[in-house]
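Below: one structure in structure tokens.
Chain lettering (A, B and C) follows the sequence in which the chains are written, and residue indices restart at 1 in each chain.
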Amino acid sequence: MSVERHYDREFVRTFFTSPTAVEGEDDSAKMIRSAARLRGMQAPDVWVPDNEDATAPNMRDEGIQNIIDVVADHGADFPGEIHPRMVWHRESPGTRYQGFKHMMEVADPENGAIEHIDGFVIPEVGDIDDWKKADECFTIVENEYGLEEGSLSMSVIVESGEAELAMGDLREEMGKPSNNLERLFLLVDGEVDYTKDMRAMTPTGELPPWPELRHNTSRGASAAGLIAVDGPYDDIRDEAGYQERMTENRAKGMTGIWSLTPGQVVAANTAPLPPKTGSWLLEVGDEDVELTEEDGRQVYDGPDLSLSDNGDGTYTLAVGGDERTLDEDEVTEELLEMTSYVPSMNDIVDSMEEFEAAKAAGKGAIAMTQAATLVVDGVEVEVSKDRMWDEATYQAAQTPVALFQDVYEHRPDQHEELEEMYGADVVERATNVGN
Amino acid sequence: MSVERHYDREFVRTFFTSPTAVEGEDDSAKMIRSAARLRGMQAPDVWVPDNEDATAPNMRDEGIQNIIDVVADHGADFPGEIHPRMVWHRESPGTRYQGFKHMMEVADPENGAIEHIDGFVIPEVGDIDDWKKADECFTIVENEYGLEEGSLSMSVIVESGEAELAMGDLREEMGKPSNNLERLFLLVDGEVDYTKDMRAMTPTGELPPWPELRHNTSRGASAAGLIAVDGPYDDIRDEAGYQERMTENRAKGMTGIWSLTPGQVVAANTAPLPPKTGSWLLEVGDEDVELTEEDGRQVYDGPDLSLSDNGDGTYTLAVGGDERTLDEDEVTEELLEMTSYVPSMNDIVDSMEEFEAAKAAGKGAIAMTQAATLVVDGVEVEVSKDRMWDEATYQAAQTPVALFQDVYEHRPDQHEELEEMYGADVVERATNVGN
Amino acid sequence: MSVERHYDREFVRTFFTSPTAVEGEDDSAKMIRSAARLRGMQAPDVWVPDNEDATAPNMRDEGIQNIIDVVADHGADFPGEIHPRMVWHRESPGTRYQGFKHMMEVADPENGAIEHIDGFVIPEVGDIDDWKKADECFTIVENEYGLEEGSLSMSVIVESGEAELAMGDLREEMGKPSNNLERLFLLVDGEVDYTKDMRAMTPTGELPPWPELRHNTSRGASAAGLIAVDGPYDDIRDEAGYQERMTENRAKGMTGIWSLTPGQVVAANTAPLPPKTGSWLLEVGDEDVELTEEDGRQVYDGPDLSLSDNGDGTYTLAVGGDERTLDEDEVTEELLEMTSYVPSMNDIVDSMEEFEAAKAAGKGAIAMTQAATLVVDGVEVEVSKDRMWDEATYQAAQTPVALFQDVYEHRPDQHEELEEMYGADVVERATNVGN
């Protein structure tokens, strides 16, 4: 236990793998070089030149050479972190030894790559003792080339039942003097191999959703101060599905996701950031419909809800097939229940500043109000919601802002796009709030 | 390991926090005093004068004084248990020391409160070693004031990944001679802080559902002989949502829930008790519709199902858009599949008595029958369901009755309301069955 | 630690319990004998003459005698494995001792049954130390009668929170020299008693779904090299529900399920095998509708989707109430998103062979294409999907084939039915692929 955990990123949005040697050196050198040249929202937080699954087994020595060449040439200018994926397998000493030798090669200072390398990704880990074997390989590599012990970070792919269980032991094991597991960085779910390892089957062959695995990964990361990243989303053309998966993941505390294409990188870099403008949702049936703003009013224009003013102080509200006559208070109450608000970055910063001011004035809790004029079939209804904010609410609300600040600090190449997105004023306030 | 676990309640329905010192002593004294005066269904099983989140940080010494004053004055007459919440944090020794000093003050017999105090609630616990630190504070307090070791119970708020993991170790750790963890009482989920700790985000800022956390809490409680309680339900006006959450929780083995308002206390005290009268449900689409009893028949009166007797021995049944011609057996079978029955307290007691008699007569399993006349569009169909009861079914069915008996034993102030609800006869039979 | 794990089955589809002594010896002898005579798809992979819950407490000594008699008579010809369930309880030494004595009786070679017995099922286990007590009983029994240590397999019913937790320790504990836990075989969920132990309640008394328990059982089995089996499905007439439960289970890595009736045995033996013919699904609303093949085209014939060719290069597509005008590419894209394909056994074997050939030719990944002509309202649309196959995809796709091969190797009595189902040619190719 010789060093503090070395990484300074608290959030990682994108884990982008690119093949290192697919079919002949020319092509793969091209693919890996094009990944190295990504910038801004198109560049991932963590770039993973992949010498495991994305590279044919018989091309892996060439793959390592490609990694070295490309990182030596382009690593200095790459805006994210670089963590090549090595080969490793909990059940194959030969594969583990191959991974160790590859790390040695990449780390050799004479090859000119290691100064741009932040760590390595180790796939197919098993139980905690297997994680320690990998950690020991890192320590030997560091010692051999005079790198500080623990300075190379280690990310793992969780793709076996035993690795899932190992995540429950990390907090305890990371403190032990006989390992350098403080080098751990990302816990990445690998659902394809996990599905195989669990012998799971679906009729169409699509991946099971594995909600419990994702929870356990997120919890393991939280308990051990690491970062949880979800696995690849197979259907690369299904952008809506990728967005939905990320929304689900964020509700589980998993901010990062694997990206298989530059398009997925952009989507995943952007998704966890709060929107530029807030929006009102109306829950109709099982769906949340976003209302359209017109002159400061929120208009619902769909077939599933209708409202008419009967002129005698009562209203007729029909939701789906169900029609009721309500007075004004009842109709307001009813619509209020169906309404929710997605705050913008600006709204979140406003609320945080308001709470900070209240706290400075000695108040433990204040009510935050959200109000809107809803319009359904031309009938206007005013709704207004209060939410109590105390210290806990404040801190939970802070997560998206903390993410933004982490991005802003570590990715200067995204400043311009962030300012275009939010405006310079909001960016500045968001950068300063809560500190 | 000097004492047996001291608590004699096996179920806790309501965990009601009230602020101790919000903004100036007068107001908060009023709020805490009004909580102390609750009785019957309005009084919680566990009352938690809250000196943590519900009290501003700079008012916490005053909060402790308020707790002492109010408990000394009203504690003798309060019908539930009293477990004040102290400050504590796994990452702050200063906060832990403050919590310890507060417990000392409350426990000082000269202050006249401790004889009415059943235990303390410790928020923000971390891994199992942190739980042990808290336990040691309790032991010192007990020793200092001549209380029996382990006599003060300890409930914790689970609001971090490491605390969630710790619940897997409780059973093993509670037996060790170097601690008094047998004092553990409630495992309470705290979803607001947990969400922050997991860095989870939702678009609208509402809390994620955290099904795995609730499962793990329930399982931890079951394995260690403790009681699992779900966290606060933020939207205090959404009574239907609170009911739905409690139904979900009970299916997870989590009977208790946090209550933020006296209204939530009443709802949560009542919800886990079996209904006065049974009811038939018909599953139409994804919804269970409760049928209306008319002259002993169960009538469906809605738009999603229609049935007509074709006069030639066939029937036309339309569910949603899907219309089919069926003979009498088929239509009976079809409706039977859609039907389920929610037994009343009386039904459960009947079934238990019937099984007990059969067992006494040497039978291991008997069939229980539920029958009804369904009416759809004026057409009558007789349905009848058998369910095999063996020892395991009997014991699983016993849970609501065991809950009722626990309530009846510990909450004499609720006897009158229970008798009003069920009638004296059912109350008496329910009190005696299964013992 | 004297022997390797003895079992050679990697998959168990059916865990079929039959009562051993219900009400008088004649009847129960009949029931147990009829179970012993099952063959082919009607015979389970694992037959469990049940001397616990399915037998009245006062009949359990007679039950053991029945087991011995029937297994001695019919065991040699029974095509599956035989694992009688003994009595056991983590909280009752008397029950544990009774179970031990029963095992001794069954194992006595003079009784003629043990040579046909593969192991015993132990219900109501607690934490890992309780599993070790049961294991020690097996070891004593083996030693007493000169059986090889570890040769009797042990399956457990997981029906308590502590047993659920114990599954996280198996991998570590099974290696220890002081036990023979390598004898472990099946981890079987027992949801009725688990529900009681967790004190869970549902309004109608039906079992909660317990998704987390099933995940943890599946993961525990995967990490320790065991086989996970889901518990009984109560509503024995609800065949669609049983199928749905099995589909869910397989997506969790739980291939086996408890069967309470011969009808459930057939359903559960067949369900995990890939279908004879592939089929196209169209997702409309929340449902997957299977398309009808007509002359090689896939026809949708339902009310929820309509398509018309406007004759000007545009199409009108209506999904539910939502109608849109799209050009040809858009309509193709739209329908492609809604479409999925359930591959047949033949398709899976084809894909595996194709990938194996590509790998032999030095390729790490190839695209597999699925194409179809969809017909909606007479309008034809060609859709085609590519899926990238790499080594991981190949291995995950292999699971149903590995299951088939396991069945084919161990159940010669099912060969005829498998050949009827798939044809001899497909059976032969499926038997050989991947080896």
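As a working rule, a residue touches a chain if its C-beta (ideal position, glycine included) is under 8 Å from a C-beta of that chain, and two chains touch if they have at least 3 such contacts.
Predicted, not measured: the structure shown is a model, and the values here were computed from it.
**Student:** Same or different: at the subunit B/subunit C interface, is the fraction of residue numbers used by both copies above or below half?
**Tutor:** The interface is built from different residue numbers on each side, given that under half of them are used by both copies.
**Student:** Since subunit A and subunit B share one sequence, what rotation angle in degrees maps the C-alpha trace of one onto the other, as a multiple of 5?
**Tutor:** 120
**Student:** Just the number, please: Cα centre separation of subunit B and subunit C in whole Å.
**Tutor:** Roughly 35 Å separates the two chain centres.
**Student:** Enumerate the residues of subunit A that touch no fewer than two other chains.
**Tutor:** Subunit A, residues with two or more chain partners: 168, 211-212.
**Student:** Flag every residue of subunit B that touches subunit A in the complex, lowest number first.
**Tutor:** 22-23, 53-59, 127, 160-162, 164-165, 168, 192-193, 195-206, 208-209, 211-213, 234, 238, 303
**Student:** Under the touch definition given earlier, write down the residues of subunit C that touch subunit A in their complex.
**Tutor:** 11, 168, 171-172, 211-212, 215-216, 218-223, 247, 250-253, 255, 272, 281, 321, 337, 340-343, 362-365, 387, 390-393, 395-400, 402-403
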